[in-house]
Structure formats: structure tokens, C-alpha cells
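Take this structure, written in C-alpha cells, and hold onto it; I'll ask about it next.
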Amino acid sequence: MADGLTRNQMAWRLGRDIAEGSYVNLGVGIPLLVLEHAPGGREIIFHSENGVLGMKPKDETDGILPDDLTNAGKQPVSLVPGAAMFHHADSFIMIRGGHVDIAVLGAYQVAENGDLANWRLPGSPTAPAVGGAMDLAAGARNVWVICEHNGRDGAPKIVRECTLPLTGPGSVNRIYTDLAIIDVTPDGLVVREKIETLSLEDLQALSGAPLTLANGWRPLEAPDL
Amino acid sequence: MIDKQCKSAAEAVEGIKDGAVILVGGFGQTGEPMDLLDAIAARGLRDLTIVANGGGSGEHGIGRLLAAGCVRKLVCSFPRVPGSVAFEELYEQRAIELEIVPQGTIAERVRAGGAGIPAFYVPTGAGTELADGKELREFEGRTFVMEHAIKGDVAVIKADRADRWGNLTYRLSARNFNPVMAMGAELTIAQVEECVPLGGMDPETIITPSIFVDRVVEIPGGVSNG
Amino acid sequence: MADGLTRNQMAWRLGRDIAEGSYVNLGVGIPLLVLEHAPGGREIIFHSENGVLGMKPKDETDGILPDDLTNAGKQPVSLVPGAAMFHHADSFIMIRGGHVDIAVLGAYQVAENGDLANWRLPGSPTAPAVGGAMDLAAGARNVWVICEHNGRDGAPKIVRECTLPLTGPGSVNRIYTDLAIIDVTPDGLVVREKIETLSLEDLQALSGAPLTLANGWRPLEAPDL
Amino acid sequence: MIDKQCKSAAEAVEGIKDGAVILVGGFGQTGEPMDLLDAIAARGLRDLTIVANGGGSGEHGIGRLLAAGCVRKLVCSFPRVPGSVAFEELYEQRAIELEIVPQGTIAERVRAGGAGIPAFYVPTGAGTELADGKELREFEGRTFVMEHAIKGDVAVIKADRADRWGNLTYRLSARNFNPVMAMGAELTIAQVEECVPLGGMDPETIITPSIFVDRVVEIPGGVSNG
């Protein structure tokens, strides 16, 4: 089996697809890695639901106390020139009102119709926790999922129908995995990029919903990171 | 590099179409984006719906837009002040539709439009003729009126300072409706007194974050009605 | 007939009843005169719906351009230390949410049940204009009306039932006129103060709803202004 | 003279009653009013409902309130982070009621409570189990969920600077839920890093105007979980 991308490489690859001037929210987990690997020389404005627009990775020399400025994962971050602060209700105007161009979210499952499940595992002894995931799924103009193609048990995360509790119906536009980049389209799931040495058949075998290969598909590549 | 700055009011209002719903900031003359409105009037657009607190006064701004025959409908709380000559004339001639909305309800409807909230309930206007035809509902024994979001195609606003990303601050009560209108439209255009370099504004004191702003034009001074 | 208070005296008298620490909105017209005649030595915070908390009469030496800071009547004002600025949606959170302690409003008519009519005269050729009156009538903790006891045609403004279009039902708590101060109570209209030389019978004759005189009523007085 | 300043956290939380609904600012530890919460825990109150983003962590703040058995119900979006020991224990023992609310919906419900809006509609949660039992309604072909206002008896928040009237500013993202909670309660209590003289804050940069604040206590530094 062909080697897939690492998490850092996945985040790097997703970052290349963010157009200059985009307002982008990053969920906790792999999505937040996009901040570390955002493309240089391109102005992208990262939103954090706790009231930050214009965050960048923590710069230890910025003089800001770590507890005074965090991302959605409660990790310290820094600000770019042009950043702005606001409160939670205003922050979710941006999200719910469709002002955020792209929400990057993790996933337990994504269905071929764009349904997203990423917030609760039934049977887990731990309490459920939704955070801002449902707001982002419902409100962002585009929802890009970033996740491993398969779970630790090998089960596909890309499925015909979500069996886990939904975060939002029909929310997802695009999926970035370690093996492929897949668009959610009215005609089903379309592979735009995949690991070059991985055949569509092998990728299909690792997926729970039918895939078609885009004309002009490209190899999924990333530098060592 | 992101650069939302336009070279002129005329350039800033390009692409607005006949029939557009335009949200306009300001309260009286304070914070009214006169130069942008004059530039819209100069384009000779027709059938506009204007959502604002008032009906303008004098020969610039909303007043000019009305006098130029651009406006089909005015949604506002207080259409007339001394000097609202253009509005009064159209109103007497029944040449303009008027929807009177309580001031707080305008603000909240526009905010809701920007916030992805299609409707909400307010006590304002319950038991008055402004609730006629509106859906009523009781919560805890009190009657409330259901109000729908207003979504603008365009918002034209006035601010004090901006950077090239479109972060904005305002001058004192010239803030008024401007940050609210900025949130509520597909295309938000701000005229500002001064553009400053990116990073030249304190992130803690920015009132309208850049995400709500599409175009900025620097017009120091600007026209005024007197 | 006994002389009533002037508008300035009415505003002065109303101001004496505002407790220290109150947040008070002033409507256009006579209510705004309260700003000029507010009691000295007492901290009262005046709210203006266009986004001002802590206004005071215009101080020409404050260096603020008249167009940058106005009251609800679009007249220039100044700020006290401790003032704060905000936008219209936030301003009406204060009003609609019951944070404003007292709204002082003008009136065409006030009914004995507290109904207020102050926004539209049917048959007038001019367009209706409501401003923030309905928000204030519905939202302020207390609504105090200040108006002449009778209209120019002599018709009483205090009535059994409003015949003019309502601003808000049951909104008014207290009425300040040139002749009397009247509480709106579950038991009807109660005169707390009246011009000393005016008999209750004469006051009643000038009013359209039954009045009762409070035990311990006091003379309505104000200094020359 | 208006003076909302209290001498201690203990004095600031006087009068809160068993069974109170308490809105708590903060996101993670950032902006969490630890000292006020510890003072509430010290009072040994019972049956509190806590409305916050999370379930606290460590031994101060919400964590202490939970560990002390003061809380009957937690309304939040994200109850557990590493260190939410007190919450996890209560949850395992089924000794706490939990209402999970999407983060933006908490913020909007509390704002609505402060804004005189009893209910509103959001797309958030439609088609998910968090909409179970809630009223749904279509607007323009899309399904929305009706959400009700949350009103607090008390809000406890943390700010950076205050004056004696209770005007507040915040530090960077320590702002988060604090200004929202400040609007939503009958009694709003703020712990702040520093009190400044009246007039010492720029009116343009005040985030929470004094009208929303009832008590202020200066606690430089304050306790922290980390």
C-alpha cells in the first residue's frame, strides 16, 4: 500500500488551496495544523471562534501572556498586523451569517451527500462536547474536512450514510485525507487528487462510498515536513 | 496582497444594480456616507430599496438619491427631519413606498440578516398598528411580534479610519448604524476619513473587523449638507 | 386659572426625581430639556439611542465636531467622564432588554391604564415617524411622560382611552405636566403633586380620566428658569 | 457618587442565592473569573445552574464550584478538556445535569436574554439530535431551530480594566464570552485586573458599557489553574 501524507502534510496541502483574502476558521485537532503550514506570501485571515481574526502561530517574542490570546484549542497564538478582537456573539455572527469563507473541520464520518459527523461517539463514557462545530457546519460558506482516510480500526471515514450522530446535514464541500482530495458534488464524490501510486480501485476499497476520478486528476503530493 | 481600497467613490460603487436593497449607515447627518450615496445617485440607478434610520435631508446623501428618483422604497424609523425636502415631495406625490420600522427593530433585523438568523421576536410594537399583519406569539404571558431579517445587497457606510483589509473605527456617535449595516450586506462599501497602514490600528479597538468590509475609499472631509 | 410650569420647569422638576446612578433615555422635544436641567451633585447617566451613554449639554470647548456627537434630536452634545460609545444594535439591547431605568418621553395622549400615544397623528399630511419611541415604551423599566397637561386646542392629553395610534400599551408609569405629577397605578391615576392654587376639581376638569389625590400630595413647584 | 467597587471577591458575590442561574465568562482558562467563582464555592451554595462555554478544569473556578457540589446543572458547549476532573467525576456518577448547546447558540441565547428577545431561529443544529424536541420552522426553504433566550440571575465575568461606574475593557481573547454574559443577567459582577479613575477609559474603546455592570472588584493577578 502506498504511503499517505502525514498530518502536517495534509494540513500543508489544504493550505495551498486557500485563496488569498480568504477568512478561514480552523477547528481543533488536525485543522489547527493548517495555521503552522499556511502558504507564505499569501494573505489569509484565520478566524478563531473565541474572538480572534488574524491569528498566527505563537511568536514567543510578542510579549503577550499565553493566557490572554488562544486559539479554539486553547493553545497560545499571536496576531498578524490587521488582526481584530471581538466577543463571542459577534464571532458567531461571522460564522452563522456566512461571512467565514472556509471552515476546516475534523471528522469521524463524511457521507457522500456532505453530511458530517464529528462531535459525538455514542457509547463513549465521556460527555458529549460540540463546541462550535455545528455553528461552523451550518454557517460557513465552505466546509472542508481534513481527516485520515480511515480510522484506527481501518473503517472508512467516507461513507454512504453517516451512522454517527450528525454535526450538520449536507455541510461538507471537500475532503482532505492522507490519501486523496475529494469534492462533494451533486453527482457524488469526485477524486481531484490522490496518492499517485494508489489505484482508484485501492482507494475505493478504503472508502465506504462510490468515488469517481476527476478528468485531469493530479497526484497528491507534499514536501517532507 | 489584499487591498480593498478604491481610488474614488465612483469606483467604490461600481457594480450596484437597479433594484438593489441598500443598507445605509448614519443617524441624521452624523455618519451618513454622503459621497458614496452621491456616487450612487450619479449612476442613475432605479428602483432601489433604501434601509436607513431616516429619509435624509439636504441635497447630498439619501436626499440626493431620493431627489434623483433612484428610490422605489424607503425602510426607516424616522423619514423626515427639517430639510427632508426630497422625501416630503415624493411622499406627497405618493411616489415612494414607505415602511416604518421601530429604530431598534431596524437595527436588530439588519443584524439578524448578517448573523444567519432569519427571524426573532420583540416586544416592540406589540399592541400597535406597526404589528398589523405580523405574526404574534406569547412567551411567558407577554405578546411579542415576529420580525424577519433584512438582508442587503449592498451596505454603504461611513467610518473614520480603515486599513487596506477594511478594518474600521468610527468617530464617537458617528458609529451609530454603520457597524450594524456593515454586517448585513453581500457587498459592504465604506468611505473613510483616513486610510492607515495595515497594523496601524489597535486590534482591541477595531469596531468593524475586516471580514465585514469589501471596499474602502478614503475621502477626507467629504461633502456635507451644511 | 393658576399658572403652570414652563417646559424648562417641568424638565427641572422631573430631573429632581431621578435617583443617583440611574440610566435615563431622553426622547426628542421636552424630554431633552431634562439634560439641561439635571440635578447637580448627582451622577445620572444619560443614554441616547444613537449610541451614547453619558452625555451632557454641549460644551463648546470640548473640541468635538458638532456632527461627530449628537443626541437623539440630532443636536450636538458632549460627554461626561465615564461615557461610553456603542452601535445601534447594542444601544437597543440596553433599551429593549430592560437595562435603561427610565425613558422620558413626550406624549399626544396617555390613558389611565398607561397606554401611550406619541408617534402619529392620523390625517396629518406628513409621513409617520416612530424613531425609537416604541422600543423605549416596550423596553425601559420605567416610562415617564412629560407633556403639557392640555393640547393647544385645550383637549386633555390624559384620557380614559387613547384615540390616537398607540406607541405602546400599558407603558407609562408616571406623567409630568405643567400642572401636576401623576402616577399610573393599578387603581387609576393618582396625583402626587399639583400646582398648589389649582383645586383637584379644576385639575380634573382639565383631564380626560378620573384623578385621585394622593394622601400627602405636595405642591408642584420649580424655581424660575 | 456611583461606586460599584467592592472590597473583596467575597463581598462581590454577596446575595447570590441557592438555585441561581449563573452566567460565567471565559473560554478555557482565558477570561474565566476564577476568584469570583472560588468565592461563590466558598459560600457553599447549592443547586446552581452554570451557563458557560465549558466545564472548567483544575481546582479553581468552575472546577472548584463543581467539586464543591454547588452545581445542579451545566449548560455549555464543551464540558471537558484535559483537567476537567471535577466535571468528569460528576458526569460518571450521573450527579450533574448536562445541557449541550452549540457555542454560537449559547452566545446568542444569552445575548437575546439581555436584549429583550425571547426567542429566535438559527440553522445551527437543524437535522441533528441537538434539535430533538425543539420547534423547527422553514424560512425560504431551509429548516431552522427555534432557540429560547437564557436569562441569568447573576453573571460573573473577568475583565482587564474598570472604572467605578463599571465600564470594562478586556485583554485580547480574554474578551470571549465575558461581554456577552455581562448583558444577560440581573446582577453582573466583574473581577478586574485594575481599577482606573472615572474618565480614565477612552469612551470609544470601552467594550462593556457601565449599564451592564453592577459590581466590580479589583483582583490583580488572581488565582489560576496553571
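Things to note:
In this document, chain identifiers A, B, C and D correspond to the written order of the chains, with residue numbering beginning at 1 in each.
The rule we apply is simple: a contact is a pair of C-beta atoms (placed from the backbone, for glycine too) under 8 Å apart; a residue touches a chain by one contact, two chains touch by 3 or more.
Everything numeric here is computed off the predicted structure, so don't read it as measured data.
With contact taken as defined at the outset, chain C and chain D are each touched by B.
Ranked by distance of CA centroids from chain C, the top chain is A. Note: centroid distance chain B to chain C, computed from Cα atoms, is 29 Å. One inter-chain figure worth recording: chain B and chain D are separated by 33 Å, centre to centre, where each centre is the mean of the chain's CA atoms. Rounded to whole angstrom, the centroid-to-centroid distance between chain A and chain C, based on C-alpha atoms, equals 55 Å.
In chain A, the residues touching two or more other chains are 79, 85-86, 92, 95-96, 138-139. Listed for chain B are residues 108, 111, 115-117, 122-123, 170, 172, 203-204, each touching two or more other chains.
Contact between chains, as defined at the top, is found for A-B, A-D, B-C, B-D, C-D. Taken together, the chain C residues at the contact with chain B in this complex read 48-52, 64-65, 67-70, 74, 79, 85-89, 91-92, 95-96, 125-135, 138-139, 165-169.
Touching chain A in their complex are the following residues of chain B: 1-2, 111, 113-117, 163, 165, 167, 183, 198-199, 201, 203-204, 206, 209-212. Chain C meets chain D in the complex at residues 20-21, 23, 43, 45, 47, 53-54, 79, 81-86, 92-100, 138-139. In the complex of the two chains, the chain D residues touching chain A come out as 27-30, 53, 55, 77-81, 87-88, 91-92, 98, 100-108, 110-111, 122-130, 170-180, 207, 224, 226. Across the interface of their complex, chain B is touched by residues 108, 112, 115-123, 137, 139-140, 142, 144, 148, 169-170, 172, 202-205 of chain D.
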